[in-house]
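Comments concern the structure below.
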Amino acid sequence: MRVTVWGENVHERRDPEVAAIYPEGMHEAIAQGIREQGGADVSVCTATLDQPEQGLGRVVLGATDVLTWWGHAAHDDVADDVVRRVCDRVRGGMGLVVLHSGHYSRVFRELMGTTCALRWRNAGERELVWTVAPAHPIADGLPDVFAIPRQETYGEFFDVPPPDELVFISSFAGGEVFRSGCCFARGRGRIFYFSPGDQEYPVYHQAEVRRVIANAVRWAAPRGRVRDAPFEPIHADPP
Amino acid sequence: MRVTVWGENVHERRDPEVAAIYPEGMHEAIAQGIREQGGADVSVCTATLDQPEQGLGRVVLGATDVLTWWGHAAHDDVADDVVRRVCDRVRGGMGLVVLHSGHYSRVFRELMGTTCALRWRNAGERELVWTVAPAHPIADGLPDVFAIPRQETYGEFFDVPPPDELVFISSFAGGEVFRSGCCFARGRGRIFYFSPGDQEYPVYHQAEVRRVIANAVRWAAPRGRVRDAPFEPIHADPP
Amino acid sequence: MRVTVWGENVHERRDPEVAAIYPEGMHEAIAQGIREQGGADVSVCTATLDQPEQGLGRVVLGATDVLTWWGHAAHDDVADDVVRRVCDRVRGGMGLVVLHSGHYSRVFRELMGTTCALRWRNAGERELVWTVAPAHPIADGLPDVFAIPRQETYGEFFDVPPPDELVFISSFAGGEVFRSGCCFARGRGRIFYFSPGDQEYPVYHQAEVRRVIANAVRWAAPRGRVRDAPFEPIHADPP
Amino acid sequence: MRVTVWGENVHERRDPEVAAIYPEGMHEAIAQGIREQGGADVSVCTATLDQPEQGLGRVVLGATDVLTWWGHAAHDDVADDVVRRVCDRVRGGMGLVVLHSGHYSRVFRELMGTTCALRWRNAGERELVWTVAPAHPIADGLPDVFAIPRQETYGEFFDVPPPDELVFISSFAGGEVFRSGCCFARGRGRIFYFSPGDQEYPVYHQAEVRRVIANAVRWAAPRGRVRDAPFEPIHADPP
């Protein structure tokens, strides 16, 4: 299984506080977590916005089974054809794991059909992540609840379609709740959204968070060959 | 629409603190709320465990479109044939609104197929009820979030099947989260579980809680005639 | 409740066979069905592509609680700003009932996030519409199964997200199956897709089909005020 | 992964026609299919009703990760304590794959909370099995549609709760449709119902059917340790 960890890589280069937490970029920490916990058959590459074709040209995508996405400061800089190419590849079978502020990326919004808006506040509060689907493979090996000591607060209403499966719900010290682990199917592809991971806190160094992402990558992996294009109408005789 | 509010009516008669909050019984407060907010076409009766046939004989059930259920101290006293009769009537189309500790009633457990166990603590904490399905009729007229000043704490994992629709999620001051408003279909019947309402707090006097229950009663109401019995196998020629 | 029945109104004016079935346009037949079966509190208007602002200007949409959509030959002629306006209004709470070939409209595709492609064949085959959610209000008053004598065949895979609720499944004489009645939530809005209704057959004159559409309009109706715009991020203090 | 294939083993011993198709019993054909297509890490045993403890004593169940269930003629002979033990083990994490007439087993009915009744007719008609969830692991390697040349006809309404995920829908030559591949979660356990497989036809010798069952076994396999008992209430301090 070939995983591409895509990172916007903007905060890490311009904000010294973020660079101190993620000296090699957030994408490297995320990639490292998947390498650690994803299993021996997973090979992980990274790609960033500042690369040619924004890191997501046809060759890279054509060799990607699961893509993870973290973006925040530069959502609007992602080019139209990159958005189209990624969305089509997801519909054709590529898995997609969208992280934290990636909820507001163009890719995620297009695949959801909703605004993906939410309630938020950055106060470094404690987040508790509760498992509400103990039989789900993305919850494998996770405790009933785990704490992220300091995190940006996300709260409902989170404007996504009702998820096909809801795996985690978070609470925050201020009293907010958030559907923090959500599964969606689109065409031949599977999408998992996981909300922890603001750039100001070392969330992607935490073992439980890495485990969730590694589980999600395995869950989202395509079974058969990923198609170059999504479904088209079929004019067919009776079977 | 004919609503029967069933109450166990045990705490109210033996615990002075509960009787002080609900001098006419919790069932009367719940019934009053539905009368207040349920609309002009709703007629509401009450029934209790200490009545003949435990308040739920064939005549009563046969004249009930939606049943609400509150129980706690005497789940095991509900007779086998009452459980069977209620479950069959739900499967035949009667709406069912299960409240708070009713999660552990024999009726709810049989209809869910799971243990319906949960995490709990009675510390009189603040509960925040968040709407996560703003398009749902049970959320009609409710704010994005409302507070119940003091409540028993319920927490995940709540062992029910994944609800067909999730309308509310609660947080508690201690950090727990709970899927507090859950929709289920069983046969021709619709079931809503709503978790607020411990007997030690005046929850059923609160306007928002009454609104939720009144909305749920309307949502759960059968469209056509309620059948006396649930589905049976049909041996049929081609249509 | 104010319903706007939008029709592309192309086939009816250029194909004599269609005009013979729907002399006043398909939209008039659909509107007539809702008037007949929708209840006394429903007022129904029609709008068509050839009108100013393609029939869907701000004033019309601002006075619409539920919009029904039939299109086929001119999906690409619907203007960008009309698509945006309709989708935003749905996300803000307006109900949407998408009919037959409307599955491939720009509006539906944007709200679904998928291709909405399907398998098809126009052989005038018998369609059987089976109820698989007898407790659902959209199935109210419908039999277990009803036949549409001649219809275009639609078949799986229908590339939409898994519907929140599946109300009808159709079979066709050739052996195809199709999820013909599907519910979706998007923001504050509710969407129902119903597949019967090719322009070559008198489907919208059939009582059962009219009943489904009338039920769907009631189900999709917004409870509160429709917002002019969908959700936006909320930066908020703790509740 | 340890799979136990449970078979009622009644028809095979009393009906010569069935014995001709399944000389070693239906359970052996099902087991053989899983061995063939389930992967190298799967070990498969069989168990039957006529064995001590009806084949499902504590030792056997304690060594079972996934149980498959075929029954028809002797549902009522399955003992109360076997039903309780199997249901509790599923709630504790054991996977369960219920086949064909197993829909009416005591185990499945208790876990669903519904009657599990359906429409049926045994006319040896062609069944077409359509994939409606191409991204689902249970659809892995299956075509868009496959035919079972002769089968008992099952039709809607199938009285189960709305499945968490719907993977297959079947049509029959007579025009019936049936949700033939349905996923459910109960506690820590996962359940898949798959309808093909009447004893009078050689369905479990067919490659596609074997593939579905083998996929389902993998999908239903527990991730962590199966608990001896399902969830119980937890009285807990704040996390």
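Note that the chains are named A, B, C and D in the order they appear, and that numbering of residues resets to 1 at the start of each chain.
In this section, a residue touches a chain if its C-beta (ideal position, glycine included) is under 8 Å from a C-beta of that chain, and two chains touch if they have at least 3 such contacts.
Bear in mind the structure is a predicted one, so any value in this text is a computation, not a measurement.
When each chain is reduced to the average of its Cα atoms, D sits farthest from subunit C.
At the subunit A-subunit D interface, residue numbers used by both copies make up over half of all numbers present, so the two copies contact each other through mostly the same positions. By number of C-beta pairs in contact, B-D leads when C-D and B-D are compared.
Centre to centre, using the average C-alpha position, subunit B and subunit D are separated by 33 Å.
A separation of 37 Å divides the Cα centre of subunit C from that of subunit D. Looking at subunit A, one finds that residues 128, 133-134, 145, 155, 157, 162, 164-165, 175-176, 185-187, 239 touch two or more other chains. Considering their complex, residues 126, 128, 130-134, 144-145, 155-158, 162, 165-166, 169-173, 175-177, 179 of subunit C touch subunit D. Note for the complex: subunit A touches subunit D at residues 93, 128, 133-137, 139-141, 145, 147, 164-165, 185-190, 222-224, 239. Interface residues of subunit C, counted against subunit A in their complex, comprise 91, 104, 110-115, 117-121, 155, 157, 159, 161-162, 164, 174-176, 184-187, 230-239.
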